[in-house]
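A, B, C, D and E are the chain letters, set down in written order, and residue numbers restart from 1 in every chain.
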Amino acid sequence: GASTGGTPSADNTPTATKSGTTSKINCVSGTLGTGGSTALGPLVQAAAKSYQSQCSGANITTQLTGSGAGLKGVHEGGLQVGNSDNFVSLKKNPEYSDLTDNQVAVVIFSVIINKDVTGVTNLTSEQLKGIFTGKITNWKQVGGPDLQIAVISRPSGSGTRNTFSKYVLGGMDESVSGANHSTAKTSGDVAANVQSKSGSISYDTIDFAKKNNLTTVKIDGQEPTQDNVKTNAYKFWNIEHMYTKGAASGLAKSFIDYVKSADAASLRQQYGFMEISALSSDALAAKTPKA
Amino acid sequence: MSAQQQISPAFADQEQQQRVAALRRLVRRLHLNNSIASTVLALITALSALLFIAIIVKLLIDGVPYLINPDFYGTDGTGVVGPQIFNTIYLLVFSEIILVPIALSAAIYLVEYARQGPLVTVIHFAAETLAGVPSLVLGLFGYLVFSSVLGFGLSRLSGTLTLLCLNFPVALRLFEDALVSVSREQREGGLALGSTKWHMIRTVVLPAALPGIITGIVLSSGKVIAEAAALIFTMGSSNPSNVYTLNPMISTDNLTIHIWFLKTVGAGTIPEHVANAVSAGSAALLIIILLVINLGSRFLGRFIQRRVMAA
Amino acid sequence: MPLVSEAARHMGEFDPTKTLNTSAGTKVDVRHTNFFYGSKQALYDVSLPLRERQVTALIGPSGCGKSTFLRTLNRMNDLIPNTRIEGEALFDNFNIYDKKTDVVLLRQRIGMVFQRPNPFPKSIFENVAYGLKVQGKSQKFIQERVETSLRGAALWDEVKDRLNTSALGLSGGQQQRLCIARALAVEPEVLLMDEPCSALDPIATLKIEELITDLVKDYTIVIVTHNMQQAARVSHFTGFFLSGKLIEVAPTANLFERPRQKETEDYISGRFG
Amino acid sequence: MAANSVNAQVSQDTRSARTRRSRFSDKVANSVFLICAILVVAIIFGVFIFLGFNGLKMFQDPAAKNFFTSTNWDPGADSPSYGALGFILGSVVTTLLATIIVTPLSFATALYLTEMAPKWVNALLRPLIEIFTGMPSVIIGFLGLIVLVPWLTKVAAPIAPSAANAGVGWGAATLILVVMVLPTVVSVSMDALTAVPESVREASLALGSTRWQTMKSAILPAASAGLATAVVLGMTRAIGEALAVGMVLQGDTHLPNGPFSLGWFFQPNINITNAILNYFSEASGTERNGYLMLGFVLLIISFLFICLSRYIASRSVYK
Amino acid sequence: MPLVSEAARHMGEFDPTKTLNTSAGTKVDVRHTNFFYGSKQALYDVSLPLRERQVTALIGPSGCGKSTFLRTLNRMNDLIPNTRIEGEALFDNFNIYDKKTDVVLLRQRIGMVFQRPNPFPKSIFENVAYGLKVQGKSQKFIQERVETSLRGAALWDEVKDRLNTSALGLSGGQQQRLCIARALAVEPEVLLMDEPCSALDPIATLKIEELITDLVKDYTIVIVTHNMQQAARVSHFTGFFLSGKLIEVAPTANLFERPRQKETEDYISGRFG
């Protein structure tokens, strides 16, 4: 049957990152605006909360606006840290060359379906392409009940959506439009919508899927597990970044260091993220753009 | 001369009687039309009224159970609105502190000093146009100017300045009305005693216009409390751990943004029943605040009027 | 006597003393009327017969109740909340004040002209046609009656070429005559006029006064005025109000020349008001 | 004559010294006030300049030339397209439709309340209407999501192209706008009706017309300019409404395919404000300027509405 | 002659003919004044000497320019945009109309009382003290002067026990006397009064008239009135305005009894206005 929620393997003990040797936070006070990826959002929020509780002089906020908005926010000055599920594409946004990449974790996504859709446990890339381009419109075409498919997608700036296009749909952009298609604003909004909208399908992090009791499906027979990600057998995952304008400094640096630190390892685990260090080099290379 | 009280024989006249009879028939038809029209109007009004009342009742029924729970006002955790209430009040006070002196000064200029002419026309036209700008568009403007160009980022300060743009024309209009309502006789009374204009304004016009000024402040407060669209791009929709600070540079939300957040971008981040509870509670709270403001502004205006008059 | 003879000399051709008919029938017979604005009494036991086809003028200082009295006659005071009336005003066998009286019908029979000209913001034609349209008259009938009424109000020649222009473009005096034409169009039996000239210049006033002297051949007219000379010039009977009481009513010349009451004398000799 | 005495002369000199001083403070006050008044002009200029400058910059990109002519908004495509007609259509259609529903409702309500209603009805409804004119739009949006959308999903499913999405779209947006705009239009209409002087009512009633005839033939025509302003104001509000409408639209950047049909109202759909709200914060380059351009379009539309209402008001008989 | 003698009989004790001084000095000498509201001329070549310690009354029909003229004397018309004045009004060796004239100082020397009583919504004391505070007088000085002024305005006895209650609680006549007291407090040399009694009842009117006859011992007074009897009762000189022109100015008795101009005669015999 379909696995409910992602199951981050507990045996994956975090290895200490280079900076996380001391358990004391290097507190910096001030105001820090972070924002962007709603996939990374929960981790950043939790880390911020923990950071602020230990460093009372720091005020950290996290806007849930999507990866694209995170990059733009930090580029234009509205934010100091922009969270993104994707690498900056200098081809698309040459002006973002002023941004510095800080990688913090690995996120695992999954395709999720509404509970009314019974009997569908696996979808092939081809089937997903059919669904997300509007060619397949009824669940019975993929072995499910006679029910219209309601596709829910994210706005184009979403890192989840871009990862989905690039690594699941084979570089092809979704192009469903019409009555059975709607958009949700954030990862959380996707989860809420899939929960309530009959016959719906979308994509989200395994953490949101689990917390909202949503059904995840295998992609090309692969389950969304950390083990499958390590080997890149399961393709729907990505590296989480916290971009800064120029090199991170001050509170931004301190906070990013904390998110990456050993202290925050339990948080990363709690929110379903994987350590970058756990990736095989093949997997890492598959997601990292060639310089 | 009041002796003969006899009724005139004129209406005994046949023709006159027929005319009156015809009129009477006509009037009966007019009354019928009148009743039909009245009924239709009353029904439509009842329909609109029912819509409004149903909305209020729905909001209160859904929300009040949470409102009466003290946990709802908690200062920390999920499903509480303590921070949002503080932020709302913070924003209210901060923006009124900036708004009132500026808008009142502008109103004084327009009512007391300006000569009727192109400048006044331009200012009024500008104010009217600004009042008609959708708040989302002002949000874009605030983002471009305050958050980006001036570098205030997403912060209470950017939000407050955007609210200033939003409320300026409204407050200006209300303050102008308050000043204009002070009678010309009062002003002339002051000037005729040989006081300068500014002295006359301070001692005669402003005290007399106080009730109207207070009403203006209260009504613009209502707008601050209700506003969300102009703030989402300028102030953001999330809070730091500790919002209970006067720091204007941090990004926060307020009650209305929070409702929007919970039902859209923040949906799914907390369980739906909690989100609905908080939204319903906040909505009811806002309704009650607006109700109080609405009734309060009248009451306060009248109260101050009485105080001023009885000074 | 100086006042009235002065006026008569000035007016020349239309001296009301010539058309005075002290035995004219009573068109409306007002008896023992009390009127209250809330708890404030504005009329005290007023009894006054309005003679058919005669002009009755009502004079008195400001606030004495002239307008209030006039507006009881076509139940215009109904529009003011919390008012109450006692007594009776017999008109064609029914009591005007009666709750059951059909005010719409009443007002079609008793027309009114107000202190400030109040034309509708419509064309001149539409203004006069208004009452006729209310009555659902035919287009042809309306066409004719508008002309007759405007002629009757001595306005036709001045406006016949611009019947479709806005009535608000007329001068104050013309507007007031338009309002009179509008009232005449529905052929009322009685015409009430509340200080119809107070907003007008002397020449327009003269025109209206001429018109009144003319209209009285067909209509019973009641006119409120604060100008004693005007009362003397146009009215057959004059009633003097003071503080809500009708102090005295008499043929106009008698009232001005031989007032029976001390208050009347004080008032007309200018000692107050 | 007192003024000739030496004493009076002295007191006059101190008087003029004093007035000189207070005149100076008068001047200072004057300039401070002037600056504040000018600020309003500066702000609106700023709004036009910042949005206009940034928005119009998008036309440097040749791909943007179909902004007003195409409904294809696809900035991410290999050959990007910036046709905004779909967004504009969404705003215009929902606004017009809401206006068509609101106008008769609000005129009737306003007429009833100003001309006929007993005191207690007014005492109840007027404050209610006032509260609703200041109602936070997110509250209406919230109710839209939890009440209107589920209800429409059920009711409109048979005529909607997709049963699951029948509750969202222009239909829901229009109804939301009706609720948002109705109180404003009612309240401004009531002002317009009350501005008709009592003398007009008296004139009409004194001619023996009924209440209804008075309303129909005297009051409504006399208030027509004010009523028209009320409608225009309502449209200004409707076209700029963002959050409440955005919450129930749920479309992406595309108009539904195919010929225009009733179904368009019961499926995810788009408008200007929703596009800005969803996409502005992440967009860059031409696309970013495109949303600012959409904001500028909204600004121009509201500006035209304001000019229109000023024009109408200038023709009003009673102010 | 009937009007004036009537009035004199009625007023009894304060007959202005007894205090008339036709050789009194000229306090303000108005010469060839033209006044314009925008392009509309409201005063035409008005020349009028205001005699020291005499009451000059200005009469004329509504809209003839009485108020306009009065308000040129303390430059109150400055408040109305787009007005223009020509001519001169010599007062203590300077021209009131001069651009350089300090209007604040001018208004301290030429006080004004308005048609409708316009007390500030402050206490009675504060009202009278207002002008003194403007001048920055000491508390003690103010205390004394308030009493003197209220006595001067014949109001002291009625209000001395409630100086700190709101002035709006006074009756109309008391309010008007309060406004006079307020004007007196700053010791002006000239007092302008624009229909000071038109909003008052007969008894309050009488009080104000008495007060005027009393004040004129110390002040030069100009009073606008639409009540000819009042002019006859209180003034030494009367000027008759018509359509912006000063038709005639003369000692009051002369003007009413032997008007030299046809227009004056028409007006005082009630033929228009």
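The definition used in the following text is that a contact is a pair of C-beta atoms (placed from the backbone, for glycine too) under 8 Å apart; a residue touches a chain by one contact, two chains touch by 3 or more.
If you're wondering where the values come from, they're calculated on a predicted model, not measured in any experiment.
J.: What's the chain with its C-alpha centre farthest out from subunit C?
T.: The most remote chain is A.
J.: Counting only C-beta pairs in contact, which chains form the busiest pair?
T.: Going pair by pair, the biggest contact count turns up for B-D.
J.: Measuring from CA centroids, which chain ends up nearest the centre of the complete protein set?
T.: Closest to the centre of all protein C-alpha atoms: chain B.
J.: Measuring centre to centre with CA averages, how many angstrom lie between subunit D and subunit E?
T.: A distance of 52 Å separates the two centres.
J.: When the centre of a chain is set as the mean of its C-alpha atoms, what distance in Å lies between subunit B and subunit E?
T.: Chain centroid spacing, subunit B to subunit E, equals 45 Å.
J.: Return the distance between the CA-based centres of subunit A and subunit E, expressed in whole Å.
T.: Roughly 85 Å, centre to centre.
J.: Would you mind pulling out the distance in Å between where the CA atoms of subunit C average out and where those of subunit D do?
T.: Measuring from centre to centre gives 48 Å for this pair.
J.: Can you list the residues of subunit E that touch 2 or more other chains?
T.: 104-105, 108-109, 135
J.: Can you list the subunit A residues in contact with two or more other chains?
T.: Touching at least two other chains: 65, 73, 184-185.
J.: Could you tell me which residues belong to subunit D and also touch two or more other chains?
T.: 19, 22-23, 208-210, 213, 281
J.: Give every residue of subunit A touching subunit D within the complex, in rising order.
T.: Subunit A residues touching subunit D: 65-69, 71-73, 75, 93, 95-96, 148, 150, 153, 155-157, 173, 177-185, 197-200.
J.: Could you pull out which subunit B residues touch subunit A in their complex?
T.: Residues 143, 147-148, 151, 153-155, 236-242, 245, 247, 249-252, 261, 264-269, 272.
J.: Of all residues in subunit C, which touch subunit B in the complex?
T.: For this pair, the touching residues of subunit C are 22-27, 29, 47, 49, 52, 90, 92-93, 102, 104-105, 108-109, 134-136, 187, 189, 237, 249-251, 254.
J.: Can you check the complex and tell me which residues of subunit C touch subunit D?
T.: Its residues touching subunit D are 74, 76, 79, 81, 104-109, 111-112, 114, 116, 118-122, 130-131, 133-135, 168, 179, 182-183, 186.
J.: Quick one: which bits of subunit D touch subunit C in the complex? Just the residue numbers, please.
T.: On the subunit D side, the touching residues are 119, 197-210, 213, 217-218, 221-222, 317-318.
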